[in-house]
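Letters A, B and C mark the chains as written, and numbering starts fresh at 1 in each.
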Amino acid sequence: MSGTGGRTLLTVRGLAKRFGGLVAVDDVDFDLDDGEILGIIGPNGAGKTTTFNLIAGALRADAGSIRLRDAEIAGLPAHKVAARGILRTFQHNRPFKGMNVLENLLVGAHRRVRARPWAAALGLPSARREDAALAAAARETLAFVGLGDHAASDVSKLSFGQGRLLECARALMGEPAIILFDEPAAGLTSVEAERLGGVIRGIAARGIAVLLIEHDMRFLLPLAHRVVVLDRGAKIADGTPAAISREPAVIEAYLGRHAGAAA
Amino acid sequence: MTDLLELAVSILEAGGIYALMALAYLVVLRPTGIINFAVGEWATLASFFSVATLGWWNLPYIPGAVLALAGVAAIGALTEQATVRPMIERGAPILTPILILLGMVVVYREAAALGFGTQNLRVPPPLGFGRIDLGPIAIPMQSAVVIAVSGIMLAGTWAFFERTIWGKAFQAVAIDRVAAGLMGINLRLVAAFSFAGGAAIAGTAGVLQAPLTSAHYLMGLPLAIKGFSALVIGGVGRVEGCILGGLVLAACERLVMRYAPIPSGFAIGVPLLLMILFLLVRPTGLIGARGRT
Amino acid sequence: MNAKLAAAIGWLAGAAILAALSLTLTGYHADLFRKLLLTATLAVGYNFQFGFAGQIAFSHYAFYGIGAYAITILSTRFGLALPVAALATIGLSALLALMVAIPANRLEGFYIALATLAFAQLFVVVMVQGGDFTGGPDGLFGFDAPTIFGARLAGANFMLVVSALFLANLALFAALGRSWFGRACRAVRDDPEAAAAMGVDVARTRIAVFTLTSSLAAVAGMAYAFADNFVNPFVFGIDAMFVLLFMVLIGGAGRHAGAVVGCVFLFMLPEYLGDLVGRFHLLAYGILMVVVMMFLPNGIIGLWDRLAKRLRPEPAR
């Protein structure tokens, strides 16, 4: 079940989450490999966002395991998940408004910082050198996502699409093993979405695994190596974009329902 | 027995004033999300206004008191218009009006000191300093007035929120601002009204308190802190919480003053300790909020 | 290299000016100078707590008072040598700060302000009611200026120490503000959830900032105790705290220069407006604070930035 033949990075088994009487995620399994782009799709209420939040540590699972390489990460708070190398973007861009673009990226590099707090407080040369190196890396990352001219800009000056690229760049700065994208194409024009798709391919080409939940099939299907389909909290299909779009269960649950409504 | 009854009366009296102060916070906080520290100074201003209307101009008590309250309500509404509204409309973070009102605390207080001086000013009580004989105990007249007026005010506000369409509009704004606006509720009017109402309620506490302790320009901060303690104890959200919080706070304070073997000055610390305790152990208070703030 | 050199020259010039003032000012002006420096030290720390980390706490002056009272009581009542008393004071205030910060961290937004306000008021109540031990409402006085390394900490010596304390605080918070720690603080201030998503431990960051800034306020308080050899509970009340908040907001929250400018501005205002506003300088502060919050959200330093930008509209090529 692997799209790229890389090593398995993330193993999700028996994941479950209940909100009162509502079963939001029900016994979901899937794997994610190095350098793979995995899409999670499903109709509204299928449990995509809940699955995303469980992995990101924003929610706590009722049952199941999430293993990064061999370490269990289910139940860790968000900042510890991030510290392990799983960084996320936000669907509604959430830059740090009181900082410029470069500084936002440097916050993304938080997990790479080695300088001790007292070294930072005393402004020791080792801490300054590290800062300068991170700033150089941040400029490269900005160039990579296409925001090379905006390092010193106020984040309020960015367009919505540029804000989404900033989200990508900020997550990239943590040198993550995995980036989680929360509906990355939401609100983008088709030109912006095209550009973002290119950036995401570039990220995967660097060997970083990408997991994205997405509504927009035209964005997702050409991009993803593999797709997991959820319906009412349960996984109903897992395969290449071409394979899943032929699955009768998927067509019935998702594509078909939409097609039926449109017809 | 007599002792206990007299203690109960003093708890009801102090509890009524604390509950009114708590309510003054709540009336502004629920629809606007603004924690307004200026309520203490509104109480100060109203008690000074009552010095003017009752002491200097010798108006009869009820018109004099109502005029003082109308004055402070107008100041509340004007403050909202002049300082809070422009910030909200500019899309400033909610912290901005909160900090501005913190600045207004100093402005009100020092303006009061400028206008009325820094000495204690006596305010005549409405029914004199006599006592009412009630079986085994004699209740000081002003205590009876405080208990009656704060009781009526609290009951009236409760009825307003629970029984009138206007009160429902306040609740709707508290629960979901945007949806309430879409439903045709005039958000500006609700905000102006909440500030005027909060000022009048805090002013009532000030006017009731003034004959007991005299009006003084520094009387606001202790009232503001006690009101906030009562609000936290009862739970931020409902009129019942304010009443319960005010009574619990007054009971703790009076019982400590009477029975605890500590210097009486430490009694000032009781509301502070209770507030810290509740914030840490039970931040939702005794009666939780309804809806979301 | 040029920027580094300029910064070094700036620090040296600042140190030289403060040293020259310490050695030349006498009488009333010397008193004004050392109080201003102590207040500026507090303002720089409070700006880090409030402006950088976004914590609205009202306990900064209380920790200033804790430092002043602790060093006085430890060195006069318990007869501890000054360095020992100083270390004990720092330890005590750090412990108290942790005891406030850890539970307060669970509170949302403005509730932290209220919990710390209650703490600050309690401090004043306890000092006023502390009887002979704390000196009650009269405070503690009549103790001697300390001597270290044979130098008596009074007059010019004291002012040099306070100057060094101010510069050390400014340098520390400037370095910290520029570093990853300062960025983490601002991230927590702007959006705690997004900060956590980048791996920032929000609770630890908040607790660390509160403990550090509060402990340094206590260190400034230790110096304050020997400014007049007089410690009074009412000095550390809520009014002083409000003025400190106004200083940071009027100067420009989140900027070290803003805190210093706001502090100097509000501190000197009564000196020049004395005849005009009399005892009502607080009223002037209040009005100024409201007006600045409404029309200059970035404070005086924000206005300065805008003017500077207008003066050189085209970048040099």
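By our rule, a residue touches a chain if its C-beta (ideal position, glycine included) is under 8 Å from a C-beta of that chain, and two chains touch if they have at least 3 such contacts.
Keep in mind it's a predicted model, so treat the numbers as computed, not measured.
**Q** Going by C-alpha centres, which chain is most central here?
**A** C
**Q** What's the chain with its C-alpha centre farthest out from chain C?
**A** When every chain centre is compared against chain C, the largest gap points to A.
**Q** Between chain A and chain B, what distance separates the C-alpha centroids? Give it in angstrom.
**A** 49
**Q** Find the geometric centre of each of chain A and chain C from their Cα atoms only, then give the gap between the two centres in Å, rounded to an integer.
**A** 42
**Q** For chain B and chain C, what's the span in angstrom between their mean Cα positions?
**A** 33
**Q** Contact residues on chain C for chain A in the complex?
**A** So the residues of chain C in touch with chain A come to 171-172, 174-176, 178-184, 186-187, 189-191, 193-202, 208, 254.
**Q** Quick one: in the complex, what on chain C touches chain B?
**A** My answer: residues 56, 103, 106-107, 110-111, 114-115, 117-119, 121-122, 125-126, 128-129, 131, 238, 242, 245-246, 249, 280, 282-283, 285-287, 289-290, 293-294, 297.
**Q** Could you please specify the touching residues of chain B with respect to chain C in the complex?
**A** Checking each residue of chain B against chain C gives 35, 83, 86-87, 92, 95-96, 98-100, 102-107, 109-111, 113-114, 221, 225, 228-229, 232, 263, 265-266, 268-269, 272-273, 275-276, 279-280, 283.
**Q** Quick one: which bits of chain A touch chain C in the complex? Just the residue numbers, please.
**A** Of all residues in chain A, those touching chain C are 56, 58, 77-79, 82-83, 87-88, 90, 94-99, 103, 106-111, 113, 115, 117, 120-123, 127, 131, 134, 170, 174.
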